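Please go over the structures that come below.
Shared chain: subunit A. Partners: subunit B in the first complex, subunit C in the second.
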Partner chain A sequence: MERKSTAVAGPVLEVKNLSVSFRMYDRGLEQYDLKVISNLNLDVRPGEIVAVAGSSGSGKSLLAHAVMGLLPENASVEGEISYGGKLLEQKDMERLRGKEFALVPQSVTFLDPSMKVGPQVTGPRPSRERRQRQREVFDRFHLAEAVDRLYPFQLSGGMARRVLVSTAVLSGASLILADEPTPGMDLEMALEALQCFRELADEGRAVVLITHDIDLAFQVADRVAVFYAGTTVETAPSGDFLRGPEALRHPYSKALWNALPQNGFQPVPGFQPYAKALPKGCLYAPRCPWRTEECGGEIPMRELRGGMVRCIHAT
Partner chain B sequence: MRLEAKNVSFRYREHSPWILREISLSVEKGERVGLVGPSGYGKSTLLRLMGGYLKPASGEILLDGKPLPQKGVCPVQLIYQHPEKAINPRWKMKKVLEESGMFRREIMEALGIEEEWLSRYPRELSGGELQRFCVARSLFEGTQFLLADEMSTMLDVITQAQIWNLVLKEVEQRQLGLLMVTHNRALADRVCQRVVELSVETDGE
Partner chain C sequence: MSGKRIWKNVGRYALRFVTLLIAISIVSFVLVSLSPVDPVQQYVGAVPNVSMEQREKIAEYWGLDKPPLERFFLWAGSILHGDFGTSLIYRRPVLDIIGEKFLASLALMLTAWAFSGILGFTIGCIMGNFHGKWPDKILKKLCLTMCSIPTFWIGIVFLMLFSVQLGWFPMGMSVPKGLPADQVTIWQRIHHLILPALTLSFLSFANIALHTREKLVDVLESDYVLFARARGESRFQVLRRHGLRNILLPAVTMQFGSFSELFGGSVLAENVFSYPGLGAAAAAAGMGSDIPLLLGITLFSAVFVFVGNLLANIICSIADPQIREGFDHET
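Right, the complex of A and B next:
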C-alpha cells in the first residue's frame, strides 16, 4: 500500500498530559475516583495517520471520546486537548464535532436503530450531490443499492462497520478519529477501508486510527502510538514496527510484535493492572523483563532514536 | 464423534432473503477447523445454527448422528465476540462461574483467572479478562465441541495469544473439536488444521 507523508505543518490535534477519572460508587453511597487515563500524550499533523495500538482497556476509546467531548457526567478531565493550536473547552468540542471532527465509533450500536442507513449517512434532506457521493462511497465498500433501504439490525457486523466508515469519508471533517473501524471486515474490505483513510490523510486531513489489527495499521499509518494501562508508552514511525522488535523501544511494544500470530504468537505472561490498583512508577514494571528498583520512580517520556519512549532502560 | 451441518439453509422469515443455502460442514472430535469468508456471508449464523441457538429452515445439525439435545447443558458450546454482552452485568464474576458449575480451581488456573477478579462486576474487567470467564464456563465436563465466533477480534494481540494458547491446550488435552470464525488469516493458520472458505452469494450484499 502506498504511503505518502505530507505531514509538515504543526499538529492539528495535540493531547498533552491527559488524565481522565471516573467518579464511581462503591458500596452504598461511598464513592471513589477511578483514574483510567494518566499522562497520555498524542499529536497528529495534517496529512498524517497516527495508529493507536495497545491493550484492551488501555483508554484508547476514551481518548477519542474525550476529544469529541462525549465523556459522561461522572468523568473529570485534566490536561490539555488543543486543536489547531487552540485549547479546547467542552463547548468548543460540541461545536466542532460532526463538522471539523468526525468519529467512527467502535460499536455498531451507535447507528440509529430506527433509521434506514442510506438517509442516516447522508443526513436529513440531502442535496443531489450528497446522495451521489454517498452512493459512490457505498459502492466502494461493496454496499449494494438495496442496502440504502435497510435498517441497522438487518446488516451483518462487517456491513454495519462499513456504513460507519462511510459517514466519516463523507463528512468533510479535517480530523477523523476512527475507533476500531475494521473488525468484522474481511481482509480485502479492511484494506479498502484503510486505503480510504490513507486517501483522506493524503488530502491533508489528520487521522487517528485506533485499532487492534495492528499488522494492517502498520501498512498505512505514518506513526504508531502504543498505549498501556491508560498512558502512552511509545510513539514510533510505523516503519519500526515493520522492521521488528529490535527497532522498537519499549518492552511492551516488543511484546505486541511477538504476540502477532504471524510472528511468534508468544504472549507475555501477566495482566494489565486494574485502574483501581495501579503500581507506582512504571505501569508495565510488574510484567517487564528489564525491571529494576529505579522503575518504581516517576518515568518521564523521552526521545530515543527518532521516537518517544516512557522507559528508563530502553536503548 | 462428529458435529455436522447437513445441507443447512437458513433465513429469518419466509420470503426474506436466504442467509445460508445448502451448506454442509463437519468437524471431528479433536479437529480444529477455521471458517473464513467475506462479511455478511453467514459465518456467525452458521455457528449459531450449529450451537443450537437457531433452527435451520431446512437441513439438519447432527451431533454423533443425532440432533442436538434439547435438555440439559449442550455439549456444543458457543463463545461470542463480545464477552460484555454475554455476561449478566449485575452479577459478580464469582456468581457467573458458579451458575455454570465452573467455579473450580483447576479451571481458573488453566485459564489464568485471578482470585481477585471474582469479587468484581463485569464492567470492572477488561474484554480479555471477561473472555476468559466465557471460555471457562463453556469448558464443563460434557463439552465436546467449542464454537468460537471471532472470540479474540476485540482483544489486543497479547491477550489474543494468551487466550488462544490456553484454549488450544484445553482442546488438545480433552480432544475437543473446535470450529472458529475469524477474518485474520494468520490467526486461522496458527490455530487450525484445516480452513474452510464460506463463499455462497447472499441477496443482502
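Right, the complex of A and C next:
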C-alpha cells in the first residue's frame, strides 16, 4: 500500500506516563485498585497513523476511552494527556470530543438501534449546513441517500463501517481514534477499511489505530506502538516490523513477530499477567529470555535506533 | 406492513382468542361443577320450610339433574346466543350487571393505570439517570418496600389515615350515601375515586419504576450511548435522544400487559373501599355462590386481559422499527 508520510509538526496528542485503575470490590466490602494501564506513553503527529497493537486485555480500548474522557466513574487516571501541547482535564475532553476528537468504534452495536442513521449521525438539532455536510460525507463513502433513512440493523457490515467512519469525518476532528475497526473481516475488506484511515491521515489528521491485526497495522501505519499488560513496550517505525525481528527492539515485539503465521507461528510460553498480579519492574520479565536481576527495578522508556523501547537490555 | 400480512395476523389472533375462550369456559365450568356450591340452596336461601320435592323441582327446572357434559353444552350454547343467564344475587341479567359494574371499575382502573404508568415511568427514569447515587438508592429502597406491600393492607392504611384520621376522603362507595343518582356531581365521584385508585396503582407502580430503571441503566451503559457521548452529545441530549427512545417501548408494552394484575388488584381494592365495581361483584358472586355471574365475569376478565395483551402487541409492532421494517424485509 502506498504511504506518504506527511508527519512534520509536533505531536497532536501526547500521552505521558498514563495509568488507569479501577476501584473494585473484593470479597465482602474490601476494596482494591485494579491497575489496567500503567506508565503508558504514546504520541501522534498530524498526518500520521500510529497503530496500537497488542493482545486482548492489554488496555488498548481503555486508552481511547481515557483520551476521550469516557471512562466509567470507578476509574481513576494518573499521568498526562495533552492535546496540541495543552494539558487536558476531564472538562476539556468533554468539550473537545465530537469536535476535535472522534472515535470510530468497531461495530454496528455502537449505533442506536431505534434511530435512523441520518439523524443519528448529524446529532441533535442539526443546522442545514450540517445536514448538507453529512450528505457530502456519505457520498464520499458511497452511502446513497436512502441510507439516511435506514435503521442500523438494516445496514450491511460494510455500510455500517462506512457510516461509523463517516461520523469521524463529519465531526471534522483532527484526531481520530479507531478502536479495532477490522475484526472478523477478510483481508480485502480490512485493507479497504484501513485505506479510509490512510486517506484521513493524508488529509492531515492524526489517527490512532487500535488493532490486534498487527500484520495489517504494519501495512497502513507509519509507526506501531506495541502494548503489553497495559503499557507500551516499544514504539517503532512500521518499516522495522516489515524488516523483521533484528530491526525490532523489545523481546516481546520480536516474539510477536515470530508468532505471526507467515513468520513461523512460534508461540512464547507463559501468558500476559493479569492486572491484579503484575510483576515488579519489567512486566515482560517472567517470559523474557534476556531476564536478569536488574529487570526487577524501574524500567524507563528510552530512545533506541529511531524508536522507543522499555527494556534495559535492548540494543 | 403489507395487507396480506395484516390479515394473516388478524386471523392468527382471532384463532387464539376463540381457543382461549373455549379453554377458559371448560376450565371454569369444571371448577364450578366440582366446587361444593349448591345453586338450589343459594336460590332458596333463608326461606324456611322448602321441602325436598320443591328443591328437586327447582333443580329440574334449571336442568341440574342432567349430566355435567350436557349441562356444559346447554350453558355454552346460551352463551353463544348472548344469553349469560340471570344473576342470583342481583336478580338481573348477568350481561347488564357486568356492563354496569365494568363502567364503574373502568373509571377506577383507568385512573390507577394511568397514574401508576406515568408516575412509575418518571420515577424509574430518575432512578436510572442517577444510577448508584443517593436519589437512586433512596427511591429504589422505597420501590422495593412498596413491591412487597399487599394491596388490601395499603388500602386499609389509606382508609385509616386519610379517611378516619384526616377526614380528607370518604370512607368508601362511589357516591355519597343517601343522594339520588341524578344529583351526584362529577366532583363527588372523583372524590370517591381517589383513594381506591391510589391503592390500586400502588400494585404496579413500583414494578414499573424498577423495570424502567433497569432498562435505562442498561441503555446508558450500552455501546451506542458511549458512542453518542464520544460524538459530543451532552448528558441530557443522550438521555432524551437515546435513553427515552429505547425505554419507552418496553415500558408501554409492559403497561398494556399489566391488565391482568390490574383486574386482580381491583377485586381487592374494591372490596376494601366497598367500591361497587366489577371486582367487588366478582367477590360477591364467589361468596354468594352466584354461578352465572361468576362464570360471566370470568369470561369477561379473560377478554379484558386478552385485549390488553393484544394492544401491547399491536403498539409494539407499529412502534418498533425492527419489527415494523423487519416484516418488509422478510418478504
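What we mean here is this: the second predicted complex is superposed on the first by the 260 of 315 C-alpha atoms of A that agree within 3 Å, B and C clash if a C-alpha of one lies under 4 Å from a C-alpha of the other, contacts with A are read in each partner's own complex, and residues count from 1 in each chain.
One rule holds for everything that comes next: a residue touches a chain if its C-beta (ideal position, glycine included) is under 8 Å from a C-beta of that chain, and two chains touch if they have at least 3 such contacts.
On a predicted model such as this, the values are computed, not experimentally measured, just so you know.
Applying the stated contact rule after C-alpha superposition, one finds that A:256 touches subunit B and leaves subunit C untouched. Judged by the touch definition given at the top, the superposed model places A:110 against subunit C, while subunit B stays out of reach. Contact with subunit C, but none with subunit B, is seen for A:171 once the two complexes are overlaid on the shared chain.
In the superposed three-chain model, the partner touching more residues of subunit A is B, compared with the other of subunit B and subunit C. By the touch criterion defined above, A:154 reaches both subunit B and subunit C. In the superposition on chain A, A:25 makes contact with neither subunit B nor subunit C. Once the two complexes are overlaid on chain A, the subunit A residues touched by subunit B in the first and by subunit C in the second are 154. Residues 132, 222-233, 237, 240-242, 245-246, 249, 320-322, 325-326, 329 of subunit C touch subunit A in their complex. If you check the complex, the residues on subunit A that touch subunit B are 53-58, 142, 144, 146-147, 150, 154-159, 161, 180, 183-190, 212-215, 255-256, 259-262, 265-269, 271-272, 274, 276. Taken in their complex, subunit A has these residues touching subunit C: 65, 68, 70, 73, 97-99, 101-103, 105, 107, 109-115, 123-124, 151, 153-154, 167, 171. Against subunit A, the residues of subunit B that register as touching in their complex are 36-40, 44, 81, 112, 114, 124, 126-129, 150, 153-162, 164-165, 183-187, 189-191, 204-205.
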